[in-house]
Amino acid sequence: MNDLREQLKEAVASAFSQGRVRSFVCLERGFYPFATMPAILHSGSDADRVEIGLADAPLLAKYLLDMPKPAGIVVRSCDALGVSRLIRDRRVKREDLYIISISCPGVVDTAKIPMSMHRITALEKAGDALIVHTALGPTELPWSSVLLDRCLACVSGAASTDADVVLDDGRGKPPAPVDYSEIDEVEHMAPDERYAMWEKEFAKCIRCFACRNACPACSCRKCSLDLPEPEWLSRAVILPEQFMFHFTRAYHVAGRCVGCGECERACPVGLPLMKLNRKFTRDIETLFGVDDARIPRDVEVLGTFLPDDPEEFC
Amino acid sequence: MSLDWQPKIVGFTCNWCSYAGADLAGTSRMSYPASVRIIRVPCSGRINPVFVIRAFQRGADGVLVAGCHPGDCHYSTGNMYARRRFLIARRFMEYLGMDPARLEIHWISASEGQKFQEVIKNMTDRIHAMGPNRKMREIL
Amino acid sequence: MNHLNLSRYEGEWLSFAQTVEAEGGKKVLSCYQCGKCSAGCPLSFAMEQQPHQVMRMVQLGLSDRALQSPTIWRCAGCFTCTTRCPRGVDIAGVMSALRVIALARNVRTSRRAQAFHKVFLSLIKRYGRINEFELVVRYKLASMNLFQDLDLGLRMFMQGKLKPPRGIAGVRQVRALFRHEKGGGKRSGLRLLPGLQLTRHREGV
Amino acid sequence: MIRVGVFVCWCGSNIAGTVDVGKVAEEAARIPGVVHVEQNKYTCSDPGQDSIRKAIKEHRLDRVVVAACSPRMHENTFRKCAASAGLNPYLVEMANIREHCSWVHSDMSVSTPKAVDIVRRAVAKVKRCVPLHPSTIPVEKRALVIGGGIAGIQAALDIAEAGYDVTVVEREPTIGGRMAQLDKTFPTLDCSSCILTPKMVDAASHPGIRILTYAEVEEISGYVGNFEVRVRKRARSVDEARCTACGICILKCPTSRDSEFNMGLGTRKAIYMPFPQAVPNKPTIDREICRHFTAGKCGICQKVCPSGAVDFSQEDQVLTEKFGAVVAATGATQFSVEVYGEYGYGRYPDVITGLELERLISSTGPTDGKIRRPSDGKIPKTVVFIKCVGSRDENKGYPYCSKACCMYTAKHAILLKEKIPSASAYVFYMDVRAGGKDYEEFYKRSQEMGTRYVRGRVSRIYPLDGKLIVQGEDTLLGERVEVEADLVVLAAAMVPQPDAPEMARKLGISYNQYGFFSEAHPKLRPVETNTAGVFLAGTCQGPKDIPETVAQASAAAAKVISLFAKSELSTNPNVASVDESLCSGCLWCSNVCPYKAIEEKIITERAGKETVTRTVASVNTGLCQGCGACTVACRDGAMNLLGFTNEQILAEVEALCL
Amino acid sequence: MGYAYYPGCSLHGTAKEYDMSSRACLDFLGIQYRELPDWSCCGASSAHSVDHTLAVSLPARNLTLAEQMNLPLMTPCAACYSRLRGAHHALRSDPGLAKKVLTVLGSEYKGRYEPLSILDVLYQYGPEAVGEKVTKKLKELRVACYYGCLLLRPPDYAKFDDPENPGKMERLVETTGASAVDWPHRTECCGASLSLSDTKLVVSLATSIVDMAVRHGAECIVTACPMCQANLDMRQRGRTKLPVYYVTELLGLAFGLEPKRLGLTTHMVNAISLLRAKQLA
């Protein structure tokens, strides 16, 4: 694991030294010894703050928007999807970016460790298990039971090839099929039952827009929902407006969501937002014969059509 | 709910085909329930699924989206985009719990006055049986 | 002046046509008198009023003329007209509808044809099947035309084609069909000739 | 504060009959922003429009709502009226309380509240209208005529006479179309080729007209004034410059097939000219049956050609050109009567169609103008004409009447008597429709010449001892009748071309359920279509005879000429517009634009201290046709459609749902 | 899989030849069939012309019985074929009537099988296959095929062949080696049930049909309907009389079966003399 971090540090330092970047976004140590948080470096000297990030590593793509260009970024394959999303939405140019791609065995989701965070002293990946070091000694958990949702359906653990520097230690997580059973569950409920469920969920939403800020697909300069005129969304936090917000947000990312789940992780009240996004993703895949709707394409799915699209309206 | 409750249906129709079909139903004096209120847009490609949510929010009991038959669009591709948008939008609204029968999408050409009449009649009967819409709606 | 006063039929103008359509004579009002039905009808040579003229009577609401016309009993139900009608009118259906209404309103014309149908149906009710021997005998009694086809009858008898009647087990179910469709429950008894009333037959065979 | 005027129209009794117009006016007055309400018996009439103009000035109105008929009917009328009173025409909105309300709901207690809702919708929208000014686009002053029949030729001649260039694209090897197949024309019985050929020659020799025969339109894009049309001119395998039309190649060619021009009655060679007076008068090689192309053998025509004009290596030419207007004159064709099993067409050779008889009568036909029975070539003594075969028949054909058959059947009966005086003609008919000038007199002439008109439809035809027994009914006598005929002529219905729907899609116009092109308005705009710049002429728009076709062709030409009279065209101002402050430059809108009207634009702006350049979308108002697909693809809400903005539509939804 | 065989009243009486020859052919070809137990009359000739509910309920009883046996219903008689298909069509397209009829019968009807005529069965077996089974070619027997009405009309439920220009019976007859004559009155009506009540009409119709067949060189007429056979056989008064065979009788002959077993001896117009003249019987 460390040699990957060493290689990464060297690559970041050389990026600065060769003047390829004016800023670099990566992960550094977080508040807990095992946690990491995003860091924007502005000089080669900060290069040793770089961490690989075993647990709770957020998606770094969206930070690129406001960084002075040319900007550098460390990307796992999910970050790569986010970066590709921003490039396809023409919010950043590929030539303004210096991408270092690394392989990724999967990222631990500390919420899935059945123990309160402050008792954990360290985390360590050993083979196919996670060793959780606490004051009372280590306990082992199966690796796949503690991963982030997006890692369970990871596109591919290997380092993305569309990068300036590729650091692949061969321990990338193998790709896994997407599991839509969660969506089927909701679909099998009766309409009123579903409506009651969403009513209960949306009642919790405080409209903090954290989901919008975290999402690489929600990259508009100004969100149309903030406009006073036409008032797509009123400021009142009442139920019909909640439905309006969540319908519009999910519809606007339909066919563009890269499935990273950052919206759900960013939501302070824990709304199951991926249950909304993945409904659109699954429908697009089944209706329009798209094999994996998470992977950005040159022309987005709703920006084109096929003469023999399914015909349900007579 | 009083017996003579009349459902309120907002009808988005495209100017070249379905609006002309509604006109033809008028010129041929075909009577149909007075439940539909028509909004004219240049093309079904102009109809944003968010308008449909806004209609339900403000109290519509049913929404009709009508465009030209695929291939006949005056702007050649407008209804093709509308078809894709509403294929997934309608499924998503059902997913959120909206009764499927409240949103209907039909292709009605300028010479199908009778079809417009039938669509409105069937839609009104179906929604009348379901009663007023309570979901996603501001209760004034 | 003895013009046919159409306004006297004002009341029946549409109602009669609707009764005929309800009884199965589909779309009689859309007939535009092109004559293709009469042209193709195998029996129109023997009809005083041609099929398209009967359609005209229904369209104008001349119910008595239509119901009393012998044409409706000359129709053999071969459906040539319905197959070829350019306006999709079921002329054969109109003819049979008129026969049903004529029977319901006890219009007495074409005694033989009515007698034949009456006897035919009563036999089905009695045995569940038709026995041709009894059919011919009963029809001769009912129509008073006793001496026709005696030679043929004899030859058929010799060839063993006229066997005695044999009922079926499910005859009660067949009778229920008769009772049911006559408006349910009411005893079905068509008075054919004054006085000749088919007595209520014994249950079972 | 926006001052809105609402003008409630009675439309005679069309609206006032089933909508309480007083109540509508009273309710309209209560809508915020409405400062003046007026009722008019006929708002679209001159006094009606005057009262609007007076009210605009008197009450300083800056928005007008006319609650009357459909905007498709009189939106332009009221826009011009407002403009003449100094109000921007695009500040007028119509509330359709006739077609969508009074004509479809008879119960006043139901139709009146709906009418009020419709007015409220219109007021909500009109309050958010902004003054719009149409921009102008150049007009390509060249016309395209599709179809070289009499309609196409007449339209081309009229347009060329007005001094504009015309290109005629004709699918067959020669122009002339359906009329060239006719022998005589009703009601004057003058010979069809005598009046058609001179026009064909005029068209061919007119400097302003370019004729592309054996050519088809493959694709049309663009819009009025700026159509781009791709035409494929199929290879004739004959060099038109060198060929002197001596005809030796046709003589020597060994292979032949049924002649389409003669409706399959005669044959024509692989290298052929459909008829002698063909224009251009050059032969064409039918590559489907020519042995050189199918089997690589023969090539006699090339060997015998004195001027070496035969060129097997000729390729299809595809040319793409710009046109300002298109006239569709693609004509119609004959109903395939095999569907009538009871008439036995196809099984009994002596049952033929009206067009086939026309070829028999015509001197350029297979029998050099002598009427002969196709089965044994004898002179028919008794000929039976059957009308409405395929027309007025929902069961096996089309429910509409084909308009011209009554007259051409009477013509056939007269010509039969002229060519075979001893022949007797029967016509089985339901009605004789002779509504044109001199038509009834022509029908009387046919009767007086002894044609027996039997009123009744034929039920069946069957052969017996060399004769055709025609079973019918004389509904006036009320009796079944039979005729022993030698020849039976079926007056087949006039039906659209089989590829009419496909051509309609290329033209971007709509068509009815049978395939006839749809005109903008059956009474008021018969030769225009809903697509500006595309005009109709002839039977492609519906069944009609030659006088009407020529009249329509000249009308279509007049429309083209008035279009070209203006040097520029004012465009529809309801186009998309970008709010650059909102636009993030993702350009998803340009993907969905059918007219490629959205481009990338680099703008520089100050962001804090530095000046920043970024890309935004920008709309070319000349190309944009205002369909609005881009507004829904735009998530930032930066793209809006003038005249149908997001604000307006949301306001309309709001107004309708209160 | 086999069929439920519905003979119909006349096949147990005056048209017993049709029943005998049909069974003989089916047995010979090895087609399984079982006579529908306790079948009742389909009401042809009268029910549908004077009472529309009865016209559906009478055949419906047989349809439900056959469906319970899970076998498609097959009948030689064209009139029963028309009534059964008419009821099948009505039960499927008019739910109100269906409910009324089926409650009385106390059973439900899903309409899984289309009622078939014996000609349909022979066609499902395959005309070529039938041809191979022919042992005795009926050489130079000139036959006029007569379809009548109810096999072909009305077209919305009688779907045996094209109502205006049928040809299936000709193909079947030609597999036996006989030659089918092209004549016009193949679908003219024979007067059907008017035979008793308006006999002279049927006489004139039958005579004109037979005369037309004679004019086109036919030596005999073949039909697939007991009513047509009876009317043509008994009521023809033309100068030259033509024997009227059932299709199954001719097929039986071609299969080499015994004329007696096919019922050829009990026709009105002598059916054996022509065959003897042609050394076919």
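Should a chain be cited, it is by its letter among A, B, C, D and E, assigned in written order, with residues numbered from 1 in that chain.
Simple rule for what comes next: a contact is a pair of C-beta atoms (placed from the backbone, for glycine too) under 8 Å apart; a residue touches a chain by one contact, two chains touch by 3 or more.
Bear in mind that the values here come from a model prediction, so they are computed numbers and not experimental data.
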Any chain in contact with chain C as well as chain D: E
Centroid-based (C-alpha) most distant chain relative to chain A: C
Comparison of D-E and C-E by number of C-beta pairs in contact, larger one: C-E
Label of the chain whose CA centroid is most distant from the centroid of chain B: E
Where chain B and chain C are represented by their mean Cα positions, the distance between them in whole Å: 50
Whole-Å separation of chain centres (CA-atom averages), chain C against chain E: 23
Chain B and chain D: spacing of chain centres that average the CA atoms, whole Å: 30
Multi-chain contact residues (two or more partners), chain B: 49, 54, 71, 77, 81, 85
Junction residues of chain D, two or more chains touched: 342, 592, 633, 646, 650
Overlap residues in chain C, where contacts from two or more other chains coincide: 80
Those chain pairs that satisfy the touch definition: A-B, A-D, B-D, C-D, C-E, D-E
Residues of chain A touching chain D in the complex: 89-91, 219-224, 227, 229-232, 252, 299-300, 302-304
Residue ranges of chain A touching chain B (in the complex, touch as defined): 186-187, 191-199, 232, 238-241, 243-244, 246-248, 250-251, 254, 276, 279-280, 283-284, 287-288, 301-302, 305, 307, 309-314
Residues of chain D defined as touching chain E within the complex: 340-342, 344, 347, 462-465, 469
For the chain C and chain D complex, residues of the former touching the latter: 32-41, 44-45, 49-50, 52-53, 80, 84-88
Contact footprint of chain C on chain D as seen in their complex: 342, 388, 392-397, 430, 455-460, 471-475, 478-481
